[in-house]
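Mind looking over this structure? Questions follow.
Just so it is clear, A, B, C and D label the chains in written order, and each chain counts residues from 1 on its own.
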Amino acid sequence: MNGSPISASDLVALNPEITLTLGACLILVWSAFGKARENRRLFPSLALATVLAALAGVLYGLPPQIAAGDGSAFAGQLAVDTYGSFFAVLFLVTAALAIAASGKFLDDESAHHPEYYFFMLTALVGMMIMARGADLISIFVGLELQALSVYVLVGYLRADRRSNEAALKYFILGGLASGIFVYALSLVYAVAGVTSLDGIRMALGDAEMASSPILIIGLILLVVALGFKVAAVPFHLWAPDAYTGAPTPVTLFISVASTAAAFAMMMRILFVAFAPVTGSWSALLAVLSLATMTFGNVAALSQDNIKRMLAYSSIAHAGYALMGVVAGTERGIAATMYYLAAYAFMNVGAWSMILLLRRQGLVTDRLEDFSGLGQRSGWAAGAMILFLLSLGGIPPTIGFLGKWYVFGAAIDAGWAWLAVAGALNAAVSMYYYLRIAVAMYMREPSDEVSLVRSLPLNLTLALTAAVTVLGVLWATPIVDWVRSSTLIF
Amino acid sequence: MDALGLNHYLLLSALLFGIGVIGVLIRRNAIMVLMCLELIFNAANINLVAVSRFRPDLAGQIFTIFTITVAAAEVVIGLGLVIAMFRNALTVNVDEIHLLKG
Amino acid sequence: MSPSLLLNLVVFLPALGALAIALLLGKERASEIRWAANIIVLVDFLASLLLLRGFDFGTAELQYVTRLSWIPSIGVEYFTGIDGISLTLILLTTLLGSIALLSSWTYITSRIKEYYIFLLLLQTGMLGVFISFDFFLFYIFWEVMLVPMYFLIGIWGGKNRLYAAIKFFLYTLAGSVLMLVAILALYFYNHSVTGEWTLNVLSYYQLSIPPDLQWWVFLGLFFAFAIKVPMWPFHTWLPDAHVQAPTAGSVILAGVLLKMGTYGFIRFSLPILPDASLQFAPFIAVLSIIAILYGALVALMQKDWKSLVAYSSVSHMGFITLGIFALNPLGLQGGLFQMLAHGVSTGGLFLIVGLAYERTHTREIAAYGGLGQVMPVFATLFAILALSSMGLPGLNGFIGEFLILIGSFEWNPVYTYWAVWGIVLAAAYLLWLYQRVMFGELKSDKLAALQDLNLREVMTLLPLALLAVWMGLYPQPLLRTLEPPVNAIIERVHPGYFAGTDVSPPALPSADAARVEQEDEEKSAVDALADAAGHARVRQ
Amino acid sequence: MLEYFWLIPLIPLVGVTINGLFASRFIRNENVTGIIASGCMLLAFLIGAGAFVQLAGLPVAERNVQIELYDWLDAGVAHMHDNEAGVTTARFRVSFGFQFDELSALMVLVVTGVGFLIHVYAIGYMKHDPPDPGYYRFFTYMNLFAAFMLILVLGSSYAMMFIGWEGVGLCSYLLIGYYYQKKSAGDAAKKAFVVNRIGDAGFLLGLFAIFFTFGTLDYDGVFAGAAHYSAGAGVLTFITMMLLVGAVGKSAQIPLFVWLPDAMEGPTPVSALIHAATMVTAGVYMIVRSNVLFSLAPTTMMVVAAIGALTALFAASIAMVQNDIKRVLAYSTVSQLGYMILACGVGAYAVGIFHLMTHAFFKALLFMAAGSVMHALHGELDMWKMGNLRKTMPITHKTFLVGTLAIVGVPGLAGFFSKDEILWNAWAGTHGSAWLWAVGTLVAGMTAFYMTRMLLLTFYGNSRMDEHTEQHVHESPPVMTYPLIVLAILSVIGGYVGIPANLQLGPLAALHERIDITRWLEPVTSGTRAQEAPGTGDEEHTAAVAAAPLQIVGAIGEPVTVVLQEERSEQAGHQDHTAMEWTLMLISTAVALAGIGLAYRVYAGGGVADEPFKRFAAPYRVLWNKYWVDEAYDAVFVNRIKDLGRGLWVLDDALVDGTVNGIANATLQAANASVEFDTRVIDGSVDGGAGVFWSGSRVLRALQSGYVQNYALIISVGVFVLVSAYLFF
């Protein structure tokens, strides 16, 4: 498998990542010229263009262009399949929305620097490699690339102490997780003797190797590391602080994209490499899933800081998404994939809503800032209601369809009790989502709070809101795509 | 006594890993915490190299090279963050940093 | 216009109207909004009356069927239609809806635009529940209903409205999500048997599910429906919601929303899970009887006019569940009839409370007295509705309760013996209420100055009063409408129940039948010609 | 006429519509309203009379005319409980149908006839100045009552009877509460209805049992089905017992008689019409109507007789010491109803109806006369504030005198014949016994006593009125007195339709040959016709429905049944027992005269200023307080039920809701801060178990200490737990 020269097909397969990298470098270099830095329109549009180009590249790479929908590049380092491209599209769309949403915020914070977009793009490259990596090495590299860029983004507001603190905490814990991750990989490697996922699966074919304690320990450490990345309880503790401390647009981006990337990586590793030993991790994940959604929802109940509330709700949603992984079936994978997609839109929408509000021109994240939004701007409030209902899994929203999928997958795979727990959790979660609704519709508006005027931001809101509803009324495209994307396993 | 076996290396790396983790848990100074993270990475490296030595397979060593690179990058970013923190909070003690909680 | 289109129009007209209002009318143009909303629901009501034209009352098959593929990969369809049960409930809903809107003309003074939009959305949600025969679609309508009602209570409600609203929402939601799990279980079981992914309720009718699975699924559905009904001991959200909700909210809540639960039992639990239904029946009967007596006794002691009516609802709904789970034609028909009767009479009683409250701004029974002297019309209508609610022969309440009791007597006289006391108590608490409010000396000059009902207010109550009398004196049309589906359900639960009678029970509507019907409708003239040509060719 | 008998119950409804909708707004003339109402009653009476005559013209077998207006309830198939009639399934269907046979005919005449007189009387009685705005309401209710009462007696099935049954209950509620400004009136009305409802509940259960035994609720079907049963069948006992509960409620028997005395809160014509002449006798009518069933349930019969006798005694004893003339009459009514029930209980149904009729005459008369007195004395009711009215109110006095003589059973007047028949049957009837006769006779004595007492205290002796009233005393207007006179005449001659066997000599025998109520009613009371009725109700229905809506269903067949045999033998018995009958008759008359004498001795001679019986403190107090029955009921039932309701309500908040709001409240109280509570309520946070989650939320958030190394520690612990879990389990 070693030493085969890089072929043109490899480059074609890699074109989205290449595009992103080039775009990133371009931004970095261009920003070196003093005048360009002043230009506020330039870099966002540049980044957006890059992302869209990459998106085009991915979509071009979709079947039927790829024969059989499954191939590999770079000597098996990268998988070329619809699964990967699905997540690629997910990341890129999220990124595009995030870029559109963040511009105004950065302006108001007078922190509108090209580096922001640079790191966003590099993070994207990392995520896409996480999703497409077919070898422990490439996956690790992708993970680190994403992680390091995200650390920086979290600490992006240099002058803001909360931003620093969030970044440092995230960094330390993330570093620890990475360490555990790579150590786990080394143990797996020690047993399996190969680093490619397919190789590991073959190696685990024989029983005594599959049952060796070293492998088990490695596997558990691996699950722990992955759990950390998806913010599963009890490895979630970085999430609330990081999400709260980070600049809101960054939170918007990482709470969706990074989580999705982590899930992409997790599912590929578990379902490709460790398929033979499913029994030894599904129960483990079931416990994590239950703990995660319950903890996330309960902890969110009493939050008055809306960013923290949504942070905990993100944790809870990771719990729901895990149900699909627990199921371990093709249906389960599809469920998780759809859930992540749905989650992306509704969560981006909810976070953008926070970007929309400013108290006396300053950043704000308090529950009461939403007071009377219903009277001030019926449309904004209406959109927020949609997002909240979707997050709570109330029809007719994509959030509901997502829950439908994950619960269904769990029941189908015999995890009915988990589904029941999930269902009840959904009811509990509605309680704190409703607190926002209460603020918006049953409180008097305060003059201090004002809505920012930004076309891109409003477009983001409109788009996400539209998808939140149309995703159900016209669900077939996404659903079919998801189902066709799980064929790799 | 016969030559060192793979298990010895695994044991060594396990100890190193443990030391690293404990260090991360107890050291107050952010710099030292970074160091301990490095220990953890190196524990992994030892494994990888040892394994690829005992069963001829280059992947482990290649992996190691990547790990080292990544670790370096990690330190860079880490120090950067510590400095930024120090600028604002005038401390590098991780237990004095707890604005964000609850 | 094709009949099935008419049905969908009836359901979605309010929502479209809401959209139109939202887009076209600014919130400052209050009176236009009022007029628009009222006209919309009125038109909707008239349109629903058109459904009677060309409805075949003799069959249990679905009619006005619309069947469109929606999310084929998971077998979700847009599948709507009605049988006798749905038809009557739709008529009740449209009627009460228009009355509720009319009643809030002066009652609601703040945030009028939102108010009417929510009411209209609610209307569509409720109607949708009654026409959905795809579980996915049903669940969507079922949940969609919650949201507008939540806001109606939460924004325009009384002092303690937020508490009531959230309690209502979460309580019902907790039930609903369990139903969701149950639905999914059915979904996968159906697939494991038939190998096709479908949420088509009718195809579930054909299943014969192993008892233990039936038991669990029934439990899941039971929580959803029992909370909605609400059955004792899941009833505690009801008094809060009712007392806090604005009049229109209470009317619709009591008139229609509560019926969702019993409708669910009849439409889903009984035909899909016959064995479990039989198994649960005694248990539910006991709960029902507790509800009947418990609700009545608590109502007897209420100091708040509105919560008295609310608790009376608990008692009446107890009768309905008892009738349904008697699992024989009389009980089931009685239950269905009582659903309608209760909608009319209790809806009316809530209007009555609202009218009084609008004048005096108190619901304290003790604050009233002697209204009969100053408000004779009010007194008369109140009397009629109260009497119909306590089941006086010749009024609608009697027919329902009578059939329910006789049905339960067929099943087990002991249940009837206990339930009958509910009727005695009903007389007690309602007459006592009437006496305290209407009889006696006028409590204060404020009361003495009260105006009797104006024309609009009479128009809200009179239809209900007349309906109460009509349903009581000539229930036959309704009963005839309800009988075929009822017989079909009973035959499903008790196979061979009708053996040795002159009645041949119709089969439950079958998915294929519906499909065929649909195709017939779609068959265009062109196809017909093509067929003809084909035949011609064959002949030569 | 006969074809149109179904109009009888509908005509009063016309009056209801006219007076109810237009009177207060457009007519605005009290006389017109009164005349419309009375006119409807008169018309109904005329049709009834015509129909009666035609019915009498028919051969006995065909004296059962039925008509179905429309299908009222046609619900669905039901499975019968196992029964000897062999019915397994039946369709539950009730047609809105009427039946006109000897019994109904008689009842119709009583209801419409007496009803008409009372309406006329009311025209005068209800006039006040200033005009009472409720005047129209009053006549609307009165007509409505008449309509329901007629439905009750004309209905062709138990369901129809039940409609009327509850309907009259409603009307009595409305009419008792007519003076609704008075709290006592409202209470009395409510009490009447609720107590009646208890009876109705029993009736309902009986109804259901009937349906599930015979597969129909139509009289014909039921009675035909009953033929399959031999006496003493358990189910029949149950059915009749349940029906009896209904009758007890309606006819104010022990233990449900408490509502009737209070019902006197209503205007006097109401007391006369509803609570003396018609409604309260519905129970008697029901038992007689169901005589086929009752005759097959000896146990029930015993209970019926016992209840009747006891009630008669009980009420009469109370009546002896009351001072309120209307209350005395009320208790007297209860007591007389006891007589009728007793008659039914001993199997002499016809006699029960006979007494029902005569009682309707003289009791209505007495009430209206009393009303006329009240009218003159500005509503004074205490007979100790009257006296010596015979001068000022001659007509009232004379008519009242006639009524009194009639009720105490002075030979030759109506009461004498009917009461004597009852006593005779109590002795000799199928289920009769010496005890029942003894009680009955004793009651006769008491009746004589309290009636004489009332007569004397009211119209004789010297006046105990205050000046003001005394001056204004006046005879009532003719519109009120004429009905009195008519009724007085009826109270005299009413008895001659049922001449006892031993008096059938000379002209009386001839009269007996022509008119005899027992013979008239025999096809009903002997159950003969029932046995002839074809098959179960079902087939007959199909027949009736298939034919034109106004089709008349006659009865055909030849009379032979067990029941009939019994009746026959009993009649045979009559002849032999003439001697015995004479003795009993003399004894009872003697007792009655003794009662009169005693009362005369005590209360006559004018000088009585105060109740002399107060000397016997203890028994007097017991009777004066009516045995404290009301108090007992309040203490034992009413208040307990209220407590229960209150308790459950608390429970509802505390427990049921508590488990929901669960530990929420607990934690909140522990955390006491009521302020916090409010804020939470305002945040809409106190909610289903929210408290639990809320506090849980706080706990979990404590984990999020903000110290990064705690986080790392938690993570490591998690790792350790997972690893060890795997390695060791």
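One rule holds for everything that comes next: a residue touches a chain if its C-beta (ideal position, glycine included) is under 8 Å from a C-beta of that chain, and two chains touch if they have at least 3 such contacts.
None of these values were measured; they are calculated from a predicted model.
Asks: Please identify which chain has its centre, taken as the mean of its CA atoms, farthest from the centre of chain B.
Replies: So the chain farthest away from chain B turns out to be D.
Asks: Could you put a whole-Å number on the gap between the CA centroids of chain A and chain C?
Replies: 43
Asks: In angstrom, rounded to a whole number, how far apart do the mean CA points of chain C and chain D lie?
Replies: About 37 Å separates the centre of chain C from that of chain D.
Asks: Taking the mean of the C-alpha atoms as each chain's centre, how many Å separate chain B from chain D?
Replies: 96
Asks: Distance between chain A and chain B based on Cα centroids, please, to the nearest Å.
Replies: Averaging C-alpha atoms per chain gives centres 26 Å apart.
Asks: When you check chain B against every other chain, which residues touch at least two of them?
Replies: Within chain B, the residues that touch at least two other chains are 21, 24, 94, 97-102.
Asks: Check each residue of chain C and list the ones that touch at least two other chains.
Replies: Within chain C, the residues that touch at least two other chains are 154, 162, 166, 170, 174.
Asks: By the touch rule stated above, which residues of chain D touch at least two different other chains?
Replies: In chain D, 683-685, 687, 701, 704, 706, 708, 712 touch at least two other chains.
Asks: What's the complete list of touching chain pairs for this entry?
Replies: Pairs flagged as touching, ordered by label: A-B, A-C, A-D, B-D, C-D.
Asks: Over in the complex, which chain A residues touch chain C? Could you list them?
Replies: Where chain A meets chain C, its residues are 374-375, 378, 385, 389, 393-396, 400, 403-404, 407-408, 411-412, 416, 419-420, 423-424, 426-427, 430-431, 434, 437-438, 441-442, 472, 475-476, 479-480, 483.
Asks: If we count contacts the way the header does, which residues on chain C are in touch with chain A in the complex?
Replies: 22, 70-74, 76, 111, 114, 136, 139-140, 143-144, 146-147, 150-151, 154-155, 161-162, 166, 169-170, 173-174, 176-178, 180-181, 184-185, 187-188
Asks: Which of the residues in chain A come into contact with chain B in the complex?
Replies: Residues 2, 136-137, 140-141, 144, 148, 151-152, 155, 158-162, 164-169, 171-172, 175-176, 178-180, 182-183, 185-187, 189-190, 193-195, 214, 240-241, 244-245, 303, 308 of chain A touch chain B in their complex.
Asks: Flag every residue of chain D that touches chain B in the complex, lowest number first.
Replies: 701-702, 704-709, 712-713, 716
Asks: Any idea which chain C residues touch chain D in the complex?
Replies: Its residues touching chain D are 154, 160, 162-163, 165-167, 170-171, 174, 232-233, 235-236, 239, 294, 297-302, 328-330, 333-334, 370, 372-373, 376, 387, 392-394, 398-399, 402-403, 405-407, 409-410, 413, 416-417, 420-421, 423-424, 427-428, 431-432, 435, 438-441, 473-476, 479-480, 483, 486-487, 497-498, 500-503.
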